[in-house]
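As written, the chain order gives the labels A, B and C, with residue 1 at the start of each chain.
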Amino acid sequence: MTTLELRNVSKKYRIRGSKEMLALDDVSFTLESGKTIALVGQSGSGKSTIAKIITQLETATSGSVLLDGVPIPRRGRALRAYRQQVRMVFQDPFASLNPYHTIRHHLERPLRLHKVVPAAEIDAEVLRLLERVRLAPDLVERRPHELSGGQRQRVAIARALASRPGLLVADEPVSMLDVSIRLGVLNLLAELQRESNLGVLYITHDLATARHFSDEIMVLNSGVVVERGAADDVILNPQHPYTKQLRDASPNPDVLFAKTKGASRA
Amino acid sequence: MSVTATGVTDAVPVSVSGRSFREGFSMFRNAKSITGLSILAVFTLLAIFGPLIAPYDPDAIDLLHRNEAPTWGHLLGTTHMGQDILSQIIIGTRGVMIVGFLSGIFATIIAVLVGVTAGYVAGAKSEALSALTNVFLVVPGLPLIIIVASQFEDPSVVLIAAVLAITGWAWGARVLRAQTMSLRNRDFIQAARVNGEPLYRIIAVEMLPNLLAVIASSFVGTVTAAILAQTTLAFVGVTPISNWNWGTILFWAQSNNAFPDKWWWYLPAGLCIALVGVALALVNFGIDEYVNPRLRSAGMRARALRKRGFKPSDSATAVADTRN
Amino acid sequence: MSFFLRRAAFYLFTAWAAITINFFLPRMLKGDPITAYLARNQGKVSPEAIDSLRILFGLDNPKPIWQQYIEYWGSLLHGDLGVSLSKGLAPVTAVIADALPWTLGLVGVSTIISFVIGTGIGTFIGWRRGSRAEAIVPIATFLSTVPYFWLGLIVISVFSTTLRWFPASHAYSKGTVPNFSFEFIGDVIYHSALPAFTIVLTSLGGWVLGMRNMMVTVLDEDYVTVAQAKGLSPFRVMYGYAARNAVLPQLSSFALSLGFIVGGTLIMEMIFSYPGLGLRLFEATLAKDYPLMQGMFLVITLSVLVANILADVVYAIMDPRSRQEAAS
């Protein structure tokens, strides 16, 4: 059981030398193994900033981040162990893989860095990872530009899971994929989460998939958590005006159909 | 039927580049690079096998055949002391090529170390390295080289290459810094950090291969500049005239009033310098086209349009008119 | 605003570094011709001159190095660069002031001509990509790699020695006293024809190729397609949309090349015996006239720096993105 807790985390950015921008304002939540939390908000709400702080690509200006009750390590072996436990899937499948290297390279690196399996078994483990994400084994020697967007994202997921982590941050994992394959990738993520009992932070701007995929939903607006609760509650019974706006903005086929019927009669 | 730019592009095959270590050199696979590399290969062979190929000793004096125009015995004629010019050119190749490429290698190593590091680290450290690069950019090369070179009695080839490298690395470093900075924010580098990759591996294994084209281009540019600088130094008489290179030939030509009559004396050496320069420039073009596929296919697409009767620079309405 | 401040600090640092290098350079070079010169010319050198030389070059100077450094700066700020050993103890500043206008004039004008013509040709070739105009590219390449001195000598032998159309050396006819009459100016132009021609020829290639590449890249951008689709005339699109964006890096290179004018024309001045900075620097090197060498070196370095600053300013004014990027 792994727990990641954010306590009163704020993040300020400096722009143009003198001006400051508050990206996150007093955000607190807990991520646990076995549960999926969706972080919903529009562009600029601070969702990616949270992802970067959790994966230590950025540091919080104030507040603390705790892994299993201990403030997260910043260097050395402890940091290495942290990186083994907490992994990320990036938004852009075209940019998150190094165009120069093979798929094998991408999957081997975390295996080697975190000594997941003995050296002799690395090749077998790479193939096993590919199988887990439903990709054909002959993709190992290919390069990213030879794969489709969906395939690349599956590789990115495999890379994230390679180190056998306890927690996964998925930063809008399907928003740059074709709509027709989004569900497939999301279902894969759900299945892998169940198999490995992962705690997943699913970052998205799409309420519908948030509800489908997660246990809890947090709504973020301009760096502030405006609402949180069980997924169904937040969607069906939103309290905060912003959440209501989000819900109303989602296209509802029944409403649309009724409208067009009315228009054609006029 | 509508003719869009993309429609025509699909009809014209543009090669997709692969990027393994072997395929990394696909930047050299187009016609321009191959031509350039072939010319360079010829000169390299001359440099290596020079002493075996040259018909005469370049210093050998032959007072019976002075100032002769090309004959079968002396394919490029002779100097005022009867020395065979062809042999001088062949032997001189070695000096030019060695200094050129050594200087290119030294300068590129420094440029990579400074430029890539400056691009990766942020903030004050990066600005400091950038300021250092700027200092070397601003200090004028040729005067400095002349001043330094004139201090030494008999500078070795390595020394000359080193001095040229020290004055020439800054340009490549500047370009590399800009490229690295843009690369640094790419997701796959962030992913490497999330993986826990150590810094040296991020730079060496993840970033460097993506910078190959820029590094190659900078290397080629430095070699060109070094060759020009070196021959100029020899011509001016700053480097000792005991080592033969093409600039030395021109030095002697000028001191002995070879211009304008004795064309066989001064034309070949200058042409050789220009030819090596052109070869290097061709390789650079090849790399440019690889990096910027627009350059590669621009001509092809335009020609394809022309064949169909459209001028690529006309505005869209003109295309509609010709249809009617 | 902070963008400009940071750039200013950047350049101040570079200037300081260049001047400091200049301070250490003669102290590191072998031999001490100044002492030798002074020894030979004991009575002829004034005590002030000796002092100034001592400050600038640190010869048999008992003071600690940091004090010498401060006095060096003091000297510089007074405009005192020492006296030239090979030019009859004339102040270095005077020698430089004499030679500078010739270099700036000839090379400045040639570079501008070359830039304008080259960029124009490059724009045209880029616009007409894929046509027969592309044949100019290999010619331009060849021109850009031809060694300057070689081309210069050939030009002299063809146009001067053989055809006798132009004079082969010097800035004005022997015996004429420089003045501002039309006759003199005509004479100067006549003498500068060959050197200018050679400079333009050798640098043309670079501008043509650079502009062509930029044009080809820019012409692929969507905004150019939109401009064409709007029905604008081809000339309007080429000039107002494509060339305007393509010329930005060219301008940057141009400003930089202005800096190299001062230092890079050594060869041209040698071959044509043109009385500019480059020739003086070379003569100074041969004569081991350290004060003059050091003074010229400093002037050259500072001009390159000023040109750099100019390039940055021009670019910042013309491309608003660069101001933002640098700040982030």
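Just so we're on the same page, contacts are C-beta pairs under 8 Å (C-beta built on N, C-alpha and C of every residue); 3 or more make two chains touch, one makes a residue touch a chain.
Everything numeric in this text was worked out from a predicted model, so none of it was measured.
K.L.:
Using the stated contact rule, I'd like to know whether A-B or B-C comes out ahead in C-beta pair count.
P.N.:
If we tally the contacting C-beta pairs, B-C comes out ahead.
K.L.:
Name the chain whose C-alpha centroid is farthest from the C-alpha centroid of subunit A.
P.N.:
Relative to subunit A, the chain whose C-alpha centre sits farthest away is C.
K.L.:
State, to the nearest whole Å, the distance from the C-alpha centre of subunit A to the C-alpha centre of subunit C.
P.N.:
So the centre of subunit A lies 55 Å away from the centre of subunit C.
K.L.:
Distance-wise, how many Å sit between the C-alpha centres of subunit A and subunit B, to the nearest whole number?
P.N.:
Between these chains, centre-to-centre, one finds 46 Å.
K.L.:
Where the CA atoms of subunit B average out and where those of subunit C average out, how many Å apart are those spots?
P.N.:
So the centre of subunit B lies 22 Å away from the centre of subunit C.
K.L.:
Please output the residue numbers of subunit B that touch at least 2 other chains, ranges allowed.
P.N.:
Counting only residues that touch two or more other chains, subunit B contributes none.
K.L.:
Can you tell me which residues of subunit C touch two or more of the remaining chains?
P.N.:
Within subunit C, no residue touches at least two other chains.
K.L.:
What residues in subunit A touch two or more of the other chains?
P.N.:
As it turns out, subunit A has no residue touching two or more other chains.
K.L.:
Tell me, which parts of subunit B touch subunit A in their complex?
P.N.:
Residues 16, 18-20, 24, 186-188, 190-197, 206, 209-210.
K.L.:
Across the complex, what residues on subunit B touch subunit C?
P.N.:
Going by the criterion above, the answer is residues 5, 127, 130-131, 134-135, 137-144, 146-147, 150-151, 224, 228, 231-232, 235-236, 238, 250, 254, 259-260, 266-267, 269-270, 273-274, 276-278, 280-282, 285, 288, 292, 294-295, 298-303, 306, 312-317.
K.L.:
Which stretch or stretches of subunit A touch subunit B in the complex?
P.N.:
Within the complex, subunit A contacts subunit B at residues 55, 57, 79-80, 83-84, 87-88, 90-92, 95-102, 109-110, 113-114, 143, 145, 156, 159.
K.L.:
Which of the residues in subunit C come into contact with subunit B in the complex?
P.N.:
6, 10, 13-14, 17-18, 21, 25, 29-30, 127-131, 134, 138, 141-142, 144-151, 153-154, 156-158, 161-162, 213, 216-217, 219-220, 225, 228-234, 237-238, 259-260, 262-264, 266-267, 270, 281-282, 285, 293, 296-297, 300-301, 304-305, 308
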